[in-house]
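Right, I'll just put the structure down here and ask away after.
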Amino acid sequence: MDDEKRDFVSIDDLGNEEILGLFRLADAYDEDLRAWASQCTGSILATLFFEPSTRTRLSFESAMQRLGGSIISANDGEVMSAAKGESLADTVRVVGGRYADIIVLRHPHEGAARVASRFADVPVINGGDGAHEHPTQTLCDLYTLWKEKGRIDGIEVLLAGDLKYSRTVHSLAYALARFGASLVCVPFPGLEIPKSVLERMQRDWGADVTRGEFSDISGLTPGKDAVYVTPHKPHQESLFTQITPPAREKIDAIYMTRLQKERLERDLDSKDYPSIDSEFLKETRFRDTRVMHPLPRVDEISYDLDQDPRAIYFRQAALGVPIRMALLAFLLGVVKLDAPLPERSSRPVYRSDAGINCANPACVTNGEGHRYLAPEFTILRDSPPLLRCVYCDLEVSPSLVGHVASKKLHRGNAAEAKRILPERRVYFEDEGQADSAGFGTGATS
Amino acid sequence: MDDEKRDFVSIDDLGNEEILGLFRLADAYDEDLRAWASQCTGSILATLFFEPSTRTRLSFESAMQRLGGSIISANDGEVMSAAKGESLADTVRVVGGRYADIIVLRHPHEGAARVASRFADVPVINGGDGAHEHPTQTLCDLYTLWKEKGRIDGIEVLLAGDLKYSRTVHSLAYALARFGASLVCVPFPGLEIPKSVLERMQRDWGADVTRGEFSDISGLTPGKDAVYVTPHKPHQESLFTQITPPAREKIDAIYMTRLQKERLERDLDSKDYPSIDSEFLKETRFRDTRVMHPLPRVDEISYDLDQDPRAIYFRQAALGVPIRMALLAFLLGVVKLDAPLPERSSRPVYRSDAGINCANPACVTNGEGHRYLAPEFTILRDSPPLLRCVYCDLEVSPSLVGHVASKKLHRGNAAEAKRILPERRVYFEDEGQADSAGFGTGATS
Amino acid sequence: MDDEKRDFVSIDDLGNEEILGLFRLADAYDEDLRAWASQCTGSILATLFFEPSTRTRLSFESAMQRLGGSIISANDGEVMSAAKGESLADTVRVVGGRYADIIVLRHPHEGAARVASRFADVPVINGGDGAHEHPTQTLCDLYTLWKEKGRIDGIEVLLAGDLKYSRTVHSLAYALARFGASLVCVPFPGLEIPKSVLERMQRDWGADVTRGEFSDISGLTPGKDAVYVTPHKPHQESLFTQITPPAREKIDAIYMTRLQKERLERDLDSKDYPSIDSEFLKETRFRDTRVMHPLPRVDEISYDLDQDPRAIYFRQAALGVPIRMALLAFLLGVVKLDAPLPERSSRPVYRSDAGINCANPACVTNGEGHRYLAPEFTILRDSPPLLRCVYCDLEVSPSLVGHVASKKLHRGNAAEAKRILPERRVYFEDEGQADSAGFGTGATS
C-alpha cells in the first residue's frame, strides 16, 4: 500500500478546496469533451461491478476514455472470481497489480470500497457500496448546483420524496451541510430522513436542525411535516426545536427522489407518492428553481416537464462525465490541484479483535470481509461510549468497556471506564460477549 | 434534438448517392484496416443492446475502434436501468448527453430505434428493432453485391428459404427493388414472402411482381412456386400476374436464410428445408453465382461449400466492418459525402392522441413507449384510408374517420371522409373506440 | 488459413528460445507499463469466452490495451451465437475476418482452441480449453520462476495440494520437465498426479520419475507419498523406481493449488487439505522458497503469509500482464524474436473418417465439433498401437487395425498390423465399430 495514493471512497476524502478545484477542471474538460484523448494515454481503469449499475459504469468508462485511457471491466458479480471463493481483498490486489492503474468498485456490502482502498496498490473510487455511499453521484450533484447557481454555500435546497432509503440524498445532505447550504426536507410520510443522518449533520458540521410545517404544495407531499437544516449554527440542546419557520421564499433547487420500491415496507401505501409537473412549478418561489433527480426516474417527474429550462436532470446526468474526468485525472496524478489535503480526523480509532462487532448486517465486516477483517471504529464519544464503524459508518453504543490487561469490565458510562486509556479499552455489546473474551462480569462496576 | 444530426434507423435514411459514397469510403478503409486509428480519436460509441446480438455488437465495436474511437457498452437488457423502470427515451437522453457521441441500439420492440433517434441528441443507428429492420445488415449485403458484381441495378438475386420471418430478407428486398435489381423469391413452402412486402415494393419503388414456377433445383425447395420482382415497371392491376417466366438464365447471387425456428408455426414440417452444397452449384446458371447468407448458418449451407470461391458468406460478414466504419465516420461528421440528402416523404403524417393505435403488438408504441408516445402514422391513401405506422411500418386500414371539431364520424370510404382536411381527421378502428373518444356513432355516414 | 501465422494453443507451440525471448521482452515492458501505448495501435484483440474467467480475460484486455490495441469481447457463452446453433469454426472465421487481428478463446471443450486456430485467419491464443490446457498461465508461471530465480533449468519445484484435477499444475509440470527443472509432487491423498502425466514427462522429455517418501512437513500433507521428477535421465524400465531419495535440501518454489471442489469425488474428505502459513515456512529448506499459487486461493494459503517477501502469488498474477503483452506483440508480428521455430513433431498423424473416436467425452471432437471435425490422432507407437488425440491429447490404444483398401482387420499387436503403411491404416476400438465401417471381422489376424 502506497502512502501517497489518494482514494475516493467518501466525499470526505476530498477537501473543500480540492472539490472546487475539480469543478474548475471539469469546466475545462466540458468545453470540448473530445479534445483530451491523449491526457491519460496508457492508463487503465478497472470497473469492478459486483452488482449492476449500468449508468454509473458507463459514465466512468466514458470519462476515462475521453481522457485517452482504457478500460477493463468485470460487471457481473456472479461471474467474478467470487464464484470461486476469492475475497475482495485478493481481487483488488490482483487487479490493482499490473492490470489497472485505478479501480472503480461497486459492491453490495457497505464499506466494501474502504476495504478495497486498503488492499489495492492503486487509487480506488467508490461507485456505490450498498446503501452506504455513492460519492461520485454527490460530487456530480454538487457540481451541477455550483454550475447552475454559481455557489453552494447559502443556497436553499429542497429534498423531496423518499428521504429514508435514498443513499444519494443522505450523502448529498451531508455535503450540503458541509458546504453551508440550507436544506428543507419534505419527505413522503413514512419515509422521513433518518434521525442518525440529522444527528451527524449536527455533530460533524454544526448544522442547526429544526422541525416545522411546510406550506402545502399541490402534489409534493400528502403530509406537512418538514425538517429544516441550517448551516453553522450553535448546537441545539434537543434534536428538534418545535418552531414553525416561514415557508422559504425562494428555493434554489428541488432534489426529487424515486421511491425505492425494492426497500419499501409492505404496509406503506405509495399511491400518493409525489410527482412534479409543470403545474407544480408555477408557484412564485419556484420561479428560479432547478429540478434535479439522480435518475432513473419512474413517475415522480412528469414527462411534460422535460422541455422546461428549470428541469436539469438530464444536464445533471451529463455533467457526471466531465466531473468524473476531473476526478480520474486527479487521482491518477495527471493533474495537480493547488489545494490543501483534507483534514484527517483526530478522533482515536478502536480496532476490535475480540470485542464488539459492527451491528449492521450489511457491513462488509459481517459479509465479504469477515474472514480477514477485524471490526474497526472511530471513537466519537468516550462516555457513554459512542463508536462509528470505519467501514459502514454505523454508530454503535457499547454497553461495556474492559481493560485489555486487567480484564476488568465496567459499564460504559462508569467513571472507571472513562479513565482507561483509549488504546487499552476493549468494548463489548453485552456481558455474554465480554465473558467469552475472558473479561470478568463479576468485576463490572 | 439537433436538426442537423443524421440517424440510420432505416435504409431509407440514406439516399442512393450517399449509399454509393459509403461503399467507396468503405473500400478505402478496407485497403488497410489498421491505418485509420486516429480518424475518430476522442469519439465514443455507445452500444446499447437490450437483446443479445454478439455479431452485430462486435462488428460495430470493431469498426469504431479501427477508426480510433472508443466504446461504452451495455449489452444485457435485464441489467439496463430498464430494471428500475427507466424508459428508452430517458436512457438515450442520458447516454447521448455527454456519455457518447453516437449510439447503436438493439431493442426487441419494433420502432424502438426511431424513438431513440427522436430523443437522443446524438446520431442513432438501428442495430435491429425486433422483427422490423436491421439496416446495417442490408447495407452490408448491398455493399457485398456491389463489390462482387460491380453494380446493383440490373443484377438478378435469388432469395431462398424462409422468406416470411427473415427480417434481413425483407429489408434487402426493399433495397434491391430501390436500386433496380431483379429478385426471384423461392420460399420454403409455408414461409412465402408476405404480401405486404410485395405490395410495398410495388407502391414505393414501382416494382413489377409476377408469380411463376421456378424450374426445380435439387435441394433448393420442395415446392415450385416462385415470385419474380422486376424493377421500375408500370404498376400492375392485380398483385400477381399469372404468367410463367422462363427460369432465369443467370443468377448473380443466391441469398440463403436460416429457418427462424423460434418463430415457426407448430405444424410446419421443416425436414425438407433446403440446403445448398457443392452439388447444387453445378448447374450452368450458377456458374458465376455468389452464395450469401447473413449468418449464423445452421444446416442450410453445407460445410463442403466453404472452400468454393463462390461461397462468400464469410467475406460478406467481414465487409460488415469497413462499411460500418464508413457509416460511423459519416454520421459522426468526420467524413463528408458529396451527395444529396435523401428525399423526404411528402406524405402527410397523422398523430393519434385519441384515435387508432398501431395494430402491431410488438410495436414500440404498444410496448416500451406506451407511457410517453402517441401513435403516429404516414397517410398512404385517403380513401379507403391506409396508414403506415411511422415506428414499425405496419399498415393499418381504419374503418372510420371523424372530424376533430364536429366530432362527426364517417366510414373510411365515404365521400365525406375524404373531404376532411388531413390535419382535421381522427382515425378510428371501430365504433367502440370512436365512442369512447366522444365521436358520435349516430352521425356515421 | 495463413501458413505463416503463429498460434499459442499449447506451450509446445513456442520453442525454448522463443519463450526466453518473450521473457526478456516482458521485462522491457514491465519497466514502464504505460510507455507502450502506441506499439499496437490499430490492432484489435477479440476475447471470446464461452465460459467465464474474469481474471484471464482482464489480464489479456489489460495487456492488449497497454500496447495501444483495442478489445472486442464476448464473454458469455450463452449469449454467443451458439444460441442460434453456430459452430465455433464459423464464429472464429467471422471474428477473425475483419473484426479482430488476434483471438483469445476460452471454451469448455478440450481441444477447442486447436479447432479455432485451424479455422481462424488470425492468431489464436488458448485462454483455457476445459481441463486440458491453459498455456498462458504456464507461461506466466515460468516467467515468474525465471525472474525470481534467474533460470528454470536445475531449480527444484514442489507441487502441492490437488495434483489430479489442477490443469495448471499438469501444464506447468510438462513445461518444467521440458526446461530441465526438478519436481517434487506432494499431493493431498486421493489427488495424486495422474500416471498419464508422469508417462508423458518420461516419453516426451525423458524425465526420470521416482516415488519416495516426503519427510513430513506440518500442514503440507497428511500423507507421505511423494513423486520425484528429475530431468533428462535415461528412460527407466518401470514407471516408478522404489527408492527413497533424501528430502530435498533446498526448495526453490512451492506451487500450491486450491482444491477443485467442483470436480471432487464425493467420498474424499477434504478437511485436512493443506494450508501454508508463516509457521510452515520456518524450516531451513524453505528459507529461500517462493510460494506461488495460480489464484484465486481459498484457504490453502493463509492471509498471514501475504506480507512475507517469499509470498509472491500476487506478483505472479501481476506478471501475467507484461508476459501477455510480449506474447501478443509477438503473435501480431509487431516484435520479432531472434529464435528458431519450435521443432515440429515428426510423428505421423492419423485422421479417422470412419474408425476410432477420441474416448474423452469432453473432447471437442465429441462436443462442439462433432458436426464438422473428423477425429485426428498423433501415432505415438505402432505396436501395440498408441494414439494421442491432436485436440485434447488423450491417449488411446486401439485394439484393431484395418487396411483401408483390403478392409482386412488385425489385432493391434499383430505383426500384420505393423506392416500396414501408416497412411493406409484404419484404427478401431472394437469389432463392432470395425464391422459397421465394413471391415471384416472374419479376417481378423
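Annotations for the structure displayed:
Chains here go by letter, A, B and C, matching the order in which they are written, and residues are numbered from 1 within each.
Here is the rule we go by: a contact is a pair of C-beta atoms (placed from the backbone, for glycine too) under 8 Å apart; a residue touches a chain by one contact, two chains touch by 3 or more.
Please read these numbers as outputs of a predicted model, since none were measured by experiment.
Superposing the C-alpha atoms of chain B onto those of chain C requires a rotation of 120 degrees, given to the nearest 5. Counting the residue numbers that touch the partner chain, chain A and chain B have less than half of them in common. Here the spacing of chain A and chain B, counted between their Cα centres, is 47 Å.
Residues of chain C in contact with at least two other chains: none.
Within the complex formed with chain C, the chain A residues making contact are 41-44, 46, 70-72, 74, 79-81, 83-86, 89-91, 93-95, 97-101, 371-372. On the side of chain C, the complex with chain A involves touching residues 30, 33-37, 52, 54-55, 58-59, 61-62, 65-66, 75, 258, 295-298, 303, 314-315, 317-322.
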